[in-house]
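Both complexes shown next keep subunit A, but they swap its partner, so subunit B is in the first and subunit C is in the second.
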Partner chain A sequence: MSNINGKVYAMNAITPMKPWKTWILRLIFFVLGHVKSLQQDLINLSFIEFARWVVVPRGGFPQLGNGQEPEKLTYDYLLFFSNFNGTWNQYIDAFSAVLFKGLDLIWKWSEKFPGSVPVTIFKEYIGRVQFDTDYYFTAYPHATANDLKAAHSVQASFDDLRSRAANLSGPEFADAYLNFVLQVQPYLGETGEAPVVF
Partner chain B sequence: MSKLNETDIQGFVLRGYNLPFGRYIFIHFKNPDRAVVLISKLLPMITTGQRWDNGKPPSTVNIAFTHRGLAALALPDATLLSFPVEFQQGMKKRAEILGDTGRNAPERWDAVWHGDEVHAWLGINGLTAEALETCCSQVRALFAETGGAIELAAQDAVSNMVNGQQTGKEHFGYTDGFGNPDYLGIERNSQPGHGKQLPDGSWAPLATGELLLGYADEAGELPIAPIPHILASNGTFMVYRKLHQNVATFRKFLDEQSANYGGGREKLAAKLIGRWRDGTPLELAPDAPDQSIVKDPTRNTNFTYGADGAGTRCPIGAHMRRAHPRDAFGFNGKLIDRRRITRRGQTYGRFVPEGESASDAEDRGVVFMVLNANISRQFEFVQQQWIEYGNDAKQGNDKDPLIGNHGGHGKFVVQGDRSASNPPLICGHLPNFVELRGGDYFFIPSITALGMIAMKLVDPR
Partner chain C sequence: MPNNSGKVYGLTILSPIINDDRATPSHDLQIRSYLAGLSTGQDSPFALAPGTHLARLVVMDDVVFVGAPAVEEHLNSKYLIFESNCDAGPDGSIDGYLNGLAEHAAEHLDAIWSHCVGYPGAADRAAFIRYMKACQLETTFFFAAINDKSVPETLRALQTQRAVADFIESHQGVEPEKLRAEFLKLVSALDAAPLPTVASAIVSRDIKIGGRNE
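Coming up: the complex of A and B.
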């Protein structure tokens, strides 16, 4: 059991909300979901593979039968789930440094949320509400999101060159090959082992 | 912010002395009672950050301690345990984190680092070789007089001379020392490109707490610091790394790779680091060095990478672009403002001009010293994530071409364009141009803190 698989870290955080506040958050999610420009900063953090917030209403927990009593929950819950590359500290530092307004908007409805700035108290909060990962499958443990995007770019350029190569004369191929190299030259980093966690 | 109390801060922290002769003496404390007597006798000799209104002094003395050294001085356990974990562990135990493995592994370091004997670092600099010797004799006489310390080793350093002139050039021929950050409250001839970039594109000093303990940092918090507060305040942490330079390997690499590179040998040397060897930034002058830029403080650090996303001027993986990415990761540089370090470096060994034969076996390199408030967040992060790894720069596992621990397996992509003089180039099988020969993490206390240590007045509460 580990939150880390190769170059990827999986973070789960679950925070309780008073039910009347859940409606405010739902409205905020509606706006954030429909105004793409508001998501841009999150998308631009290139070490984040995935980030999602989900409201789990207090009546929405599964009841398996077999004598399991229905629970009477006082709070709704906000589940945050993210996969990212790099260190836990780096991730939260970056959130606090550049996404603090968005984070506060989403999390301020949760109980005891201290704000995403200053970062030390924010980290303590995340530490308290984080649930460790039981099982974690990663298709490419030796690759980051950047590595995967780079590989797609290289593949697309290569496929394009290959499809045209047979019909090119020598000089034309030389030119097409140079074009290919210029297209892929920012995307040639190695994949491999992740740095030691610290 | 008001001015700092410069007389309470060791001078080495506030400014690079730029004195040509240096010696770093590593000492071991045998007995805490005698050691504190030594410190009290050294105290009046310690160079503070007070301004030099009458020019540079003939020599300077500064002192810093390892965690073991502070323990050997019998500081209270509650204080010792309050230091940041990475400082308590020391650099050797952090080798895996830092990528100090293989050719850079601690087993290959100089003998002085093999035990855990080093308790303190005495940094002595001189305007002349004679002044350095005089000062060292005075310090060493105190070792003998007090019986407070034994000398384990001394590392000499001397600025490289070219045509009889002191230069800022290191052994590969690069002009060094452009990019140290500015900090709030520290007097310095500030120039654009130092400090942090603001959303409007202008530059401002970093928060004082990125360098000094006891002040707010870029996150608006006080850096993690030992107790009591007065022991930590106005102090900082130093990373000492002796970096051996394989000059023969470096020159052979340039010869071989430039034979297939339309840009030529000098441009290839520039692409490795991001500046021409005379110091001209590639971002500002991609085609040829330009001394008018180097000499102009409003220009020589005043550039960004945003318009060069493809790296056709300064390669994406170049040393300088990794170590100080400026705006390269977006967000107006906001992601890097808490990863900045201040560098104090001095060359050691004989400088061999191009054209004369050099051997890797000869003892030469750079004594590389980093100052930062938080070793883990600043130096260790830069070393692990940006030097020995490349994901933030979108270069995968590729390492810093110049100082990476490649072990013969490194790769460096020089991005280019369609012009014959700036073609793309992929260099494979990179060797270690630089090898680590030892070092440790040190605490540089304030003058007040030194006095407390000397008088055995450190109380954790």
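Coming up: the complex of A and C.
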């Protein structure tokens, strides 16, 4: 069992919601999905590679027959899965400090959600509703979300220069290369083993 | 479609685990035991099959009781959660990805999902895909920091980034003609280089990096 693989942490959380409230939450997610500017804080935090919320209606757990007993539940459930860089504490702290409005909007419909501020009580709640990952795979364990964005920026600049290089004279290429170096120099950080957290 | 974000697909599958009192150890423990020994490196089932950025497998024992006055309730089944962030097909579908898993990692899939209710095996591809879709939940909201790049494109970009950093470092002050020729050599070398292996270890370079990091 490990929630961590390389530089990524897998968080799983499940919270109960009264069924009538899930429709409000679905509406909020619908708006969030269609108004990209509302995702800006999430994008700017830039340490989440992938995240998802899944509303499971009380009758929505997969039923396959074959002797499987149907679920009889009172609540709908909100599942949350996140793939983020850094430590658990850093993640929750950043969420609480930057995304508190968004978090409250999403989780206020869950039973006994205390609010994302103050952070200590919020962390207690997350600790209660979180469950551990048994197996975690990443295709690029040594890269963070920022490393990936940087690599794609370098690739784009590199592809641009290579498309022109063969047709440039030496001095013209030197100028183009200088511009290329200026473009990519913020994006040449080293990927590698995750730092040890003390 | 909420499962899709650009070229990336947010696959969420909950497979009910067989609840059999006579099984020793219980089926959920057998899954956990298998997963504990399963490689997360180059021979991971998700590395053998194409298209997985990040994926996890989780045995969910029960729902959570958050305390009174909430109602305490329990699931009748345990569930195996399969959460994958993977490349979608050209039509945005997941069929190609599931087919790839069944083709390249059937042995592992069978070892894991044979403890789940109604699992037909990976050998019958159509039945396998039908089963996975029967267990699939629609993702309500899916966020991907980068949603327009496939796994091979990302691995290639990381390789290019590394090569470019080395090139710039070793070509400072080089004459323009020679610089151009060397750059074109780099282009050819990268074109000829094999795609880096998924989930592979990176050979560390002799670069001084920061100290403690909290």
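Throughout what follows, the second predicted complex is superposed on the first by the 196 of 198 C-alpha atoms of A that agree within 3 Å, B and C clash if a C-alpha of one lies under 4 Å from a C-alpha of the other, contacts with A are read in each partner's own complex, and residues count from 1 in each chain.
By our rule, a residue touches a chain if its C-beta (ideal position, glycine included) is under 8 Å from a C-beta of that chain, and two chains touch if they have at least 3 such contacts.
All values derive from a computational prediction rather than experimental measurement.
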When the two structures are overlaid on chain A, which partner does A:D147 contact: first (subunit B), second (subunit C), both, or neither? both
Contact breadth on subunit A, by residue count: subunit C or subunit B: C
For A:I4, is the partner it touches subunit B (first), subunit C (second), both, or none of the two (neither)? neither
State whether A:E71 touches subunit B only (first), subunit C only (second), both chains, or neither. second
Of the two partner chains, subunit B (first) and subunit C (second), which one does A:L105 touch, if any: first, second, both, or neither? neither
Is A:D93 touching the first partner subunit B, the second partner subunit C, both, or neither of them? first
If you stack the two complexes on chain A, which partner ends up touching A:T191: first (subunit B), second (subunit C), both, or neither? both
Once chain A of both complexes is superposed, is A:V181 in touch with subunit B (first), subunit C (second), both, or neither? both
Tell me the contact category for A:G60 with respect to subunit B and subunit C: first, second, both or neither. second
For A:I43, decide between first (touching subunit B), second (touching subunit C), both and neither. second
So which positions on subunit A get touched by both subunit B and subunit C? 46, 87, 90, 147, 150, 181, 185, 187-188, 190-193, 195-196, 198
The subunit A residues in contact with subunit B across the complex are 7, 41, 44, 46-47, 85-87, 89-90, 93-94, 96-98, 117-120, 144, 146-147, 150, 178, 181-182, 185-193, 195-196, 198
Using the touch definition up top, name the residues of subunit A that touch subunit C in the complex. 1, 5, 8, 10, 12, 14-16, 25-26, 29, 32-33, 39, 42-43, 46, 48-56, 60-75, 77, 79, 81, 83, 87, 90, 110-112, 125, 128-129, 131-143, 145, 147-152, 154-155, 158, 161-162, 165-166, 168, 170-171, 173-174, 177, 181, 184-185, 187-188, 190-193, 195-198
Which residues of subunit B touch subunit A once you look at their complex with the stated criterion? 94, 96-97, 99, 219-221, 309-311, 316, 329-331, 334-335, 337-338, 376-377, 380-381, 384-385, 388-392, 394-398, 411, 413, 415-418, 424, 426
Within their complex, state which residues of subunit C touch subunit A. 2, 8, 10, 12, 14-16, 19, 31-32, 35-36, 38, 40, 44, 46-47, 52-61, 63-64, 66-67, 70-71, 73, 75-77, 79, 81, 83, 85, 117-118, 134-146, 149, 151, 153-158, 160-162, 164-165, 168, 175-177, 179-180, 183-184, 187, 198-199, 201-202, 204-205, 207, 209-210, 212-214
